[in-house]
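The chains carry the letters A, B, C, D and E, assigned in the order they are written, with residues numbered from 1 in each.
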Amino acid sequence: MSEHILSIIWLTPLVGMLAVMCLPKESKDLIRYVANGFAVLGLLVTIPMMRAFDSANGDFQLVERYDWIPALGAQYYLGIDGFGFLMILLTVVVGWLSILCSWSSIQDRVKEYYAFFLFLQAGMLGVFMVLDVFLFYVFWEIMLVPMYFIIGIWGGGKRLYAAIKFFLYTLAGSVLMLLAMLTVYFRHFEQFGFYSFALEDLMRVAAYTGPDMQFWLFWGFFVAFAVKVPMFPFHTWLPDAHTEAPTAGSVILAGILLKMGLYGLVRFAMPMFPKGATDDLTVQLVAGLSIVGIVYGALVSLMQKDWKRLVAYSSVSHLGFCTLGLIALNPNGIAGGMLQGLNHGLSTPLLFLAVGIVYDQRHTREIADYGGLANRMPVYTVLFAIALFASMGMPGLNGFIGEFTILRGAFEASPVWAGFGVLGIVLGAAYLLWLFQRVMLGPVTNPKNEALRDMNLREIVVMAPLIAGCFWIGLYPKPCFEILEAPTNKLVERLDPGYFSRNAAAASPGGEPLAPLLAGGAPAGE
Amino acid sequence: MLIDTAFFYALAALVLGSAVMTITRRNVVYSAVWLISTLLGVAGLFLLLGAEFLAGVQVIVYIGGIMVLFLFVIMLVPLQEESAQRRFSNQKWPALVCAGAVSAMLALIVVRGIGALDHPGSGDPLGPGSLSENSEKVGLVLFSEYLLPFELASILLLVAIIGAIVMSKARNRETES
Amino acid sequence: MEVTTTHYVVLSTLLLLVGVTGILTRRNILVLLMSVELILNAVNINLAAFSASQQQVHGQVFSIFVITVAAAEAAVGLGILIALFRNKHTVHADEIDLLRW
Amino acid sequence: MMDALTFTLDDLHVLKPAVVLCLFGCGILLTDAFLVRRTGRRWLNAVTALAGEAVVAVVVWQHLGDVRSSGAFAGLGGSVVIDGFGVFFNIVFALSAVLAVAMSVRYMEAEGEHRGEYYALLLFAQAGMSLMATGRDLVVLFVSLETMALSFYVLVGFLRSSKKSNEAALKYLILGAFSSGLLVYGFSILYGIAGSTNLEAIGKAVAARPEGDWAAVLALVTTSVGLFFKISAVPFHMWAPDVYEGAPTPTTAYVSVASKAASFALMIRLFLSAYGSESAAWMPLLGMIALVTMTVGNLAAVTQSNLKRLLAYSSVAHAGYILLGLVAANESGLRGIAVYILAYVFMNFGAFALVGALRRDGEAAEELDDLNGLFARAPGYTILMAVFMLSLAGIPPMAGFYGKWYIFLALLREGYYLLAVFAALYVAVAAYYYFRVIRACWLTDGSEKPALLDMNLGTRAALVGCGAFTVLIGLMPQGFLDLAGESVLTALR
Amino acid sequence: MFFLESIWLIPMFPLLGAALMLLLGRRLDAQHPQGPPGDDAREAHCGPSRGRSVIGVLCPGMVLVSFLFSVGAIWQLQGAPGHSYEVVKWTWLAGLESGTAAGVKAFTAEWGFLLDSLSSVMILVITGIGFLIHVYSVGYMAHDGGYYRFFGFLNLFLFFMLLLVLGNNYALLFVGWEGVGFCSYGLIGFYFRKQSASNAANKAFIVNRVGDAGFVLGMLLTFTTLGTLKFTEIGPALAAAGFEAEHAWGPLSLMGLLFFVGAMGKSAQLPLHVWLPDAMEGPTPVSALIHAATMVTAGVYLVARSSAIYALAPKAMLLVAVVGALTAIFAATIGLVQYDIKKVLAYSTVSQLGYMFLACGVGAFWVGIFHLYTHAFFKALLFLGSGSVIHAVGGEQDMRRMGALKDRIPVTYRTMLVGALAIAGIPGLAGFFSKDEILWKAWSSHHTALYALGLITAMMTAFYMFRLIYMTFHGNDRVASGVQVHESPRSMTIPLVVLAAGSALAGWIGTPPVFGPLHDALPSLEHWLSTSVVAEAAHGGAAGEHPSAVLEWGLMALSVGLALAAIWAAARRFRGRKYEGEPMAALLGRPLHGILVNKYFLDEIYGALFVRGAAKGGGLRLALFDRTVIDGAVDRVGLLTRVSSRLAMFFDKWVVDGLVNVVGFGVKLVSYPVRMFQTGLVQNYALLFLVGVGIVAGYYLFS
């Protein structure tokens, strides 16, 4: 049981999918119950994982490793560390909520819908736990398919365009990743004489690869992840996908899919090609793009007339923060980046859920069609405000913790980045508050809105866990940091060997001696 | 030798000339006739090269078989409006240009390759009057080394027969059943 | 003034090209098929010439098979032509363009 | 040179597949003429054909065992050699033949052309192909090639009353004859160079020639264009879309998979053994051709509205990918070719089987729009269609992915980074039109008079089988990769 | 030590109140007959329901409790070593190790509460005055909708404010900092159905964000330089790193600068002051509590908190002083011509805040705090008074429609008069001591120019305050007919009285040394604060030598004299005689008056540039601004933002996405010609075939 816990986690939704497929497609409610049941089950099966996980340990845990395709050296190789752990938790929670929240909003082709959704869930979970690059690629690609269908079948007006755009963008990015992958794979074979896709094997290749090659390989991976994140010039699939997708789809997109880019960076791209990641051009370029993304996303959302589109662009801005943190290449930057990813995964789904609630009643996303909702839906207003301020980076809520840590990391790397980064904070307040004002405040102008009902219990239940999460991370993020610490330090040590000891050495006499920071890090002080 | 040379050029002229006539005649029947003369010319070349058996096959199979086939089909095709029609397709000029260019290239290759294919003792064919030997040799090789192709050829011809029948036979109610 | 194999090769190449030209330029499918025969004859000339220069008969045997194939192709070709003619009442290559783009 | 008229059991053993096929072919002709035609149960012919395939399977199994145990073995004075390569391709041919037969019964019934000759020709074609893959003698290769070609000409034109079918057959024949004329012209030059028709002897002779000898070049030019035609590489691909559209769909599938595979077998054999020494001369050319082929195939498919044509262009593009494997010409490249072809059998047959089954009141419905709203009518088969399309697009974990995977690897190994990038990006382009198909059957609602799936047991079996294998190879590729691997090792010699 | 250990409870009581309001508030308030919240019309003329009285007891009660706790804690604090006591609850921000100038330090911050002399003063002000204002609000808001919302926010505000002053590190301070910002957002926008209100709210929050950006960067820089964010560790770290006073722009000066940027936002200093006047959209108690007494002074608190850093960064201090002085006079000038009673007070607040920064800037941090403390009393008093006035005249805020109220609302009049005298700096009253101390410090630290500015400002202050008094309470009755003026209820007047008393007496804890024995006899705030705030900045101020007492007396006399003169001037123009026309315009001359009325057009400029200014003061507007503003009003985004984000969107649509679509389109476009080759004519195919042959042959021939 416990040694197969990861398999169980990702297989649960898959079983759920099969179960759903076996049901007759007329009995919609049965399907809904079964799907939700499996979603909850998926949530429950992570409990043993949480109990078994040791956050102090920076290595991969709960490892499962079997030969899959010996001819290729591909293995069924699962394992998690802090990064994966958090992402898996996020996935099961958000996945469950998005399945729950589509209870009433999805009425046609229910069976397919839930089947796809559970399939998607399985794929995403897989991505976050595989340590075999080949298998990773498999999960990475296959997970696009259900998303394509979810957007394409149950989406809004331009759904076909959005769906294929989403698919092709990501595919185009990931084929380049495939090439980079193969190059490393082959170089590993040349170096060590056997084929393997295991992450740690491929990581060893870096030692035998020149900076230039690493640079290109890193970018091969990076483009794929940058598309997913999405980073500034690669972001345009996002607004369409977000806008057209059904609420649950947007929730999953914002909540989890975007995080895969971040996760891929810290799990694969950066450790595999440290020289490529720390290459000066790379750093400058990525940081520049992130900053552009932050400001740019904010400015564009300022102009949006479409509610969901606005939130989508805000994601571009927020994820810009995350990548900025990652590319700062120091503990706070990376940990902050991942944590901010988590936060974004909590707060942005809230915003989308909020949109969904009124969308289901009014079937319009135009901001102008709303206004004065506070008069009709006080509870809704409060929850929306919480989500809003969470993603705005209100201290005491989760957003601030992430942004602040990222800015810390960025500042350490280059104060200028931080200087630009805070611009995002200012603009963030601007477009979010303005949205709030236009939607919630003022008198009820549009008579159609008079009829709006406040949130029902199910909707509140859907939102509650996320809001709780926002507050929890906002008030007591320590556990998250503890989970992130070990892997982050390991990564930093790999990217920038002697980071800790060096800084400790640079300490002015005032700096008191430090305890040994981590297994890899030399005891500081001398 | 000189005789051979003379014969060669004569036959070459005949072959090429009638080949050109074949593809330029308006009336298909004439084309067919010219084709026959081409084939005869080739048969002559075979003789020149001391391949009597081959020459025989050429005459019998081709002129005896294939051409008859052609003529049969030609009979099926109404000739009167045929002769009124345009002879060449619209793309004849580009086609000619391309053909010219390609032929130039091939010619260039061949010319550059001059001598590449000449083997010692080339040019002096197996002496005349060795017909029986030739056919014997051919027979031996055909039934030893090329036994398989020989058998396969029968299948090939079977396929051809089936094809010809299937294709040319009109659909009758019997096939629907 | 010796007739070398090359002479034969050149001749066959020319014959080949005449055949090709025929295929490219004539409208009548029958002539097209005849042109195919020309090409195959070019091949035969080659083979005979080589077999002569090689002092062996393999080339001739090869060309026997070529002739066989030629016959077979002609038969099938004409069969198909008849079937087509039955349906479309034309033997002109540029009048059959149902399948395009 | 062995004595006349000696034909040992070893020779027979080597020839078994072809012999069996020919026998069953003739058997079908006879039974059809004298038994089946009376009963009117034409599917019996199909059964006979399948029985033949069963026997072939046994034979091939024997061969596989022998090759695995005691390496390659030759017959008939080395003019036919059974090695892993040949065995592998025999398997491919057998598989495609089985699938073709299974698909054909219902289709030919519906078209009212259900006759014994059809199956006989299928088998004869297969016999020719199997000898193409195993033959080592120019004459054998040429005659077997022609056997295959002629059978296909007839099969393509088998719907005699359909103008399209006639036209397709005629085009195929004229261009085919043209191309094989050039091919055999090249063969003649090769014979002139080597004074022998045996490939190994030719290889030696060519190698003995000075680098870039013009005679060799002439042979190379003519033979390669002949082969390019067969594998429908650009610019020799023009026949493919028309023939694919005009031919009866099962035949289309058969042509697109089997004949292409056979031609590739011949090509690999020829280029590696006869022109092995000239590789420096032809690799860049092949590279260019492959690139152009991928480009044209993919681009042309993007806006295609007829399903069969769309698949035709896509198969052109696939030919480009497979060709890349030969460009790299290293172990993973050839492995890639083998894997690619093996996967291609299932995914392409699957796709064509579904297209072939699509009918609107008796008329074959082959337009993209005819798929609209298929999900409502046949969800299961819609899923299969999605599987095939994903596999064709090379999305893991479908079978189609592994072929591309090996090809890319091969290219990167040889340092052809640019080619690799292009090939990779074309995957995205290809995904676009494959997803047009998926979109049609999943995302768009059907018209009031939708096309229906008209299939019988055979078709269903073929479809499900293809789907199963496409997924199975994707998830558990080990065995298949080994099988493909064996073929390569021998081919590399 | 019970109270000391439980200082962390002090903020919790208001938080509890807020939580209760959030959960039960609606149900309690629901018993009050009302429609949708904020719908005043339906609210009018119905006595407070039981639910409301519960709220009215609960929320002030909470504040009272924490006030008592504060008093207790401070009482015990005197026993504590170094007048400082810290309670750490748990690690909050648990960032990872990161390299700093002081070595690898974990980037952490705790939920820790620090009570020292500085924060003690603050919490007294906050809880004390906060309580009074709560009480006042019970009466003032009685007829408004969203009663529970109001008190909930008010309590929440107190929680954050207390967190701000009790937090033991910058990060936690920032939590409170943002929190109070959030509450002020909620309370300014309390009447959220009014466009102007929500605009003002947005404006306040966003302008503050600009400051916050500076604050955040300041924190980051601090951590980078000193490796800690804890107040108690700043001093040691500075010492350990061995910093000298920077006479060029060094890290410390930068820190000072950045923190001050934050302070500018919160405390409405130039050029970020624009939000405060608009903030008067909120209910008057809010203006009194948040925008006069407590929140806006957080900036001063921050600077005082960072006194250790500033003390070593003379450049930064000079900047603080200059900005402070300029703001002071700038706001005062605008205050001269305002007619809206609350606007006058708002600008006077800005100006007084300027004073406080001036004090800090010249190195007299304790004086800044001192003024903060006295100012809290009289400014709260004045605001509440004005509220009472507005309440009395039925919501009218324009002083031109008041007058002759002094007999009709005597309590309000008298109390406000005290406040006015206090702020004008009449000897004996609170304002006198603090303001004079500031001026004296400015002088004695040889910033004569700043001193002059301060002096003029003091004069202007006296003038506009009495202009306010006279226009409101004297002169002819200009109240709109039909409004029956009435004195406010007890719940409102009692706080006024208490505050008046405070404004009268609060100053005596900061008597200048020249008072000799009196000074020694009275408790000295300076001495009390010396434990937590740098007494005198190191830079060229009057650190050591004490100038002559005579001079000090003289300056004192001078400022008092000027104040009296100003009052007399105001009296001449506004007392007694009927009010008509534009006396100020006459006094200042039209153009200047115009500029002042329009607040130097700053709102318009910002509006044009960034965000369309919220509340537009009346008066003349220039066509240019009109255009940009109206134009901006279309989508309510200012020129710069609008243009840039339009550009961004354009870029997105046409360049980034365009590129992609072009690729897609291009593919399709190429697709057709490629297919066009497929003519269907077999001979074309053959021809192409031949071309292919040619290409292949050519390749071998020509390569």
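Everything below uses one rule, namely that contacts are C-beta pairs under 8 Å (C-beta built on N, C-alpha and C of every residue); 3 or more make two chains touch, one makes a residue touch a chain.
Source: prediction; values computed, not measured.
Path length between chain A and chain C in the chain contact graph, taken as the least number of steps between touching chains: 2. Interface comparison, B-E versus B-D: the higher count of C-beta contacts falls to B-D. A summary of chain positions shows that the Cα centroid lying nearest the centre of all protein Cα atoms is that of chain A.
If you average the Cα atoms of chain C and of chain E, the two centres end up 97 Å apart.
Separating the CA-averaged centres of chain C and chain D is a span of 26 Å. If you average the Cα atoms of chain A and of chain E, the two centres end up 37 Å apart. Centre-to-centre spacing of chain B and chain C amounts to 6 Å, using the average Cα coordinate of each chain. Residue positions of chain B touching 2 or more other chains, listed in rising order: 89, 91, 95, 98-99, 102, 106, 109-110, 113, 117, 119, 141, 145-146, 149, 153, 156, 159-160, 163, 165-167. Touching of two or more other chains is recorded for residues 139, 142-143, 146, 150, 153-154, 157, 160-161, 169-171, 174, 178, 182, 189, 192, 195, 217, 221, 241-242, 432 of chain D. Of all residues in chain E, those that touch two or more other chains are 675, 678, 680-684, 686-687, 690-691, 693, 697, 700.
Working note: touching chain pairs come out as A-D, A-E, B-C, B-D, B-E, C-D, C-E, D-E.
Remark: chain B residues 106, 109-110, 112-113, 116-117, 119, 139-141, 143-149, 152-153, 155-156, 158-160, 162-163, 165-167, 171, 175-177 touch chain D in the complex.
Interface residues of chain D, counted against chain C in their complex, comprise 138-139, 142-143, 146, 150, 153-154, 157, 160-164, 166-171, 173-174, 177-178, 180-182, 184-185, 187-189, 191-192, 195-197, 241-242, 245-246, 309.
Within the complex, the chain C residues that touch chain D are 5, 9, 12, 16, 19-20, 23, 29, 32-33, 36, 39-40, 42-43, 46-47, 49-51, 53-54, 56, 58-59, 61-62, 65-66, 68-69, 72-73, 76-77, 79-81, 83-84, 86-88, 93, 96-101.
Chain C makes touch with chain B in their complex at residues 1-11, 13-22, 24-28, 30-31, 33-35, 37-38, 41, 44-45, 48-55, 57-58, 60-61, 63-65, 67-76, 78-83, 85-86, 91-94.
The touching residues of chain D, counted against chain E in their complex, run 170-171, 174-175, 178-179, 182, 212, 217, 220-222, 224-225, 228-229, 235-236, 238-239, 241-242, 281, 284-285, 288, 296, 299-304, 429, 432.
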